[in-house]
Amino acid sequence: MQIEIFTTGGTIDKIYFDAKSDYEIGEPQIIELLRDANLTITYQVTSLLRKDSLELTDDDRQMIRSAVERSAAQNIVITHGTDTMIKTGRALQGVAGKTIVLTGAMQPARFRFTDAIYNVASAITAAQTLPAGIYIAMNGQIFDPQHACKNVELNRFETI
Amino acid sequence: MQIEIFTTGGTIDKIYFDAKSDYEIGEPQIIELLRDANLTITYQVTSLLRKDSLELTDDDRQMIRSAVERSAAQNIVITHGTDTMIKTGRALQGVAGKTIVLTGAMQPARFRFTDAIYNVASAITAAQTLPAGIYIAMNGQIFDPQHACKNVELNRFETI
Amino acid sequence: MQIEIFTTGGTIDKIYFDAKSDYEIGEPQIIELLRDANLTITYQVTSLLRKDSLELTDDDRQMIRSAVERSAAQNIVITHGTDTMIKTGRALQGVAGKTIVLTGAMQPARFRFTDAIYNVASAITAAQTLPAGIYIAMNGQIFDPQHACKNVELNRFETI
Amino acid sequence: MQIEIFTTGGTIDKIYFDAKSDYEIGEPQIIELLRDANLTITYQVTSLLRKDSLELTDDDRQMIRSAVERSAAQNIVITHGTDTMIKTGRALQGVAGKTIVLTGAMQPARFRFTDAIYNVASAITAAQTLPAGIYIAMNGQIFDPQHACKNVELNRFETI
């Protein structure tokens, strides 16, 4: 396996339930997203959590970190809600010898117009091309979680 | 103008706001839906309300009825939330000389996979082909609101 | 079964083969189109031909007519290339007791932006709501094949 | 400007003309693809050619090379037909100080299901993260054009 993909929930996985007039975080959408991409790399998708990232606890982050550490892969992508993606990125600092890229989406992957596919492709590519470390792939850029923030008002990630 | 289209909100118009981590009813999606259809009929879209249909009041229904009655068109389509579409259909009984078809969607029109386009096309076609009366176009069928219900569990409209 | 659907090819079913740097008429796309529509009507899809409609012969049209006559259904939809859809419609004149609606698309159903879904929904609805006869559902209108033509320059159907 | 994007045609830009019952290479599709991605990087799209890559001549390749050399950008993406993408990649060898990534698609960008978005995102990311050199981004992998071929039968790029 060349890429380990962990999913934790977030907007990217939000689906809509008419019965509840509400959306919920559903199955990881990344499997379907990657189906059209004609990939010849091998990858494995594991759903760790299905949470809005505002609801992630320190225990959740510790669990994500353990999963990353235990993974046999050197190249790891984590899909995550955008609100606390940076916090989780920082919680992974110190994991050695692996290229870890977090990404997510501002519009659910199920939408006809969404940033999900771009972001996932960017994260998988960055996981293959960058040296070991922790990164965030959003808005067409690669960020260091120690020097990034989400600008909630403008709905985008920025360097600090 | 051949078709008058009134929009009232509902799932069909739900868009997603990442900033709020929530769906809301947005601009009428029907305009964008019809853009790809190469229509040569003339139509006009008027947004009457932007509500989840569970929140529609008797005053709202009276307002919808007035808009229908005042319209110069004989063929009228109303997009509407599914939960109380039948109730609004019944509240239109007695409007004479017009073919009025209500429709909506179980999945927002913005989704990559949605019933919105089918339902809108079905409603516009029914408004052109059926005699004067009040109808509901959902699930590929044309219902009489006096003899229909929404089966919430199975998430579909049925004849009663 | 409430709707019998016959497919004959045409743009609606065109897919792309990279290996040949060319497109070809593929499997009927209508099955996939209808999957998202939450239909509760019963229907059956039968592929009669996979041809560009310019290549249809008199024998092909006779075969289509026979299939329509033999069908147990009263409501029949035929997907067809647009170039000779009217000719096939005229070749069906005289079939009694059935509502037959031909439709197709100007842009392949596989496209992100296509008139295919609208047209298919319109045709199925017209097949349910119109009296026995032969019709064409294109550009949001219902045409009588005896009084319609395709305006090739403007890429649309018109009444004559 | 952070990314210079040159387009040369190929399957990625193929659109469909009903009037001709044929596909042709149209406007660069990458502009529309990137619209949904919420990019905050700056980029510029220039259409150099609109050709099937089997029709590219040595003069065309010289012209592409000149455009790359004259560009003020260090990070360059070229969209290209897949059949001779490797040949063009090799024709760029020796251009110094720039990270140049070629990409394309097996299914047109206009399709509902296409590898175009993944490939473009992968190429833009690789152009930002890899050292100076010439690369090909296809099938989720980054190839060196000196050690890659297109396996026409299996419709994918491979390392040689």
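Think of it as A, B, C and D in the order they're written, each chain with its own count starting at 1.
Heads up, the rule we're going with is that contacts are C-beta pairs under 8 Å (C-beta built on N, C-alpha and C of every residue); 3 or more make two chains touch, one makes a residue touch a chain.
Everything numeric in this text was worked out from a predicted model, so none of it was measured.
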Where centres are the averaged C-alpha coordinates, which chain has the largest centre distance to subunit D?
B
With centres defined as the mean C-alpha position, give me the subunit A-subunit D separation in Å.
26
Using mean CA coordinates as chain centres, what's the gap between subunit A and subunit C in Å?
43
Per the C-alpha centroid definition, the whole-Å distance linking subunit A and subunit B comes out as 37
Give me the residues of subunit D that touch two or more other chains.
106-107, 112-113, 155
Hey, how would you classify the chain contact layout here, line, ring, star, complete or other?
ring
Chain-to-chain touches, reported pairwise for every pair that qualifies:
A-B, A-D, B-C, C-D
Flag every residue of subunit B that touches subunit A in the complex, lowest number first.
11, 14, 16, 18-19, 21, 23, 52, 54, 81-83, 106-108, 110-113, 152-153, 155
Note which residues of subunit D are touching subunit A in the complex, please.
34-41, 106-107, 113-115, 117-122, 124-126, 128-130, 137-142, 155-158
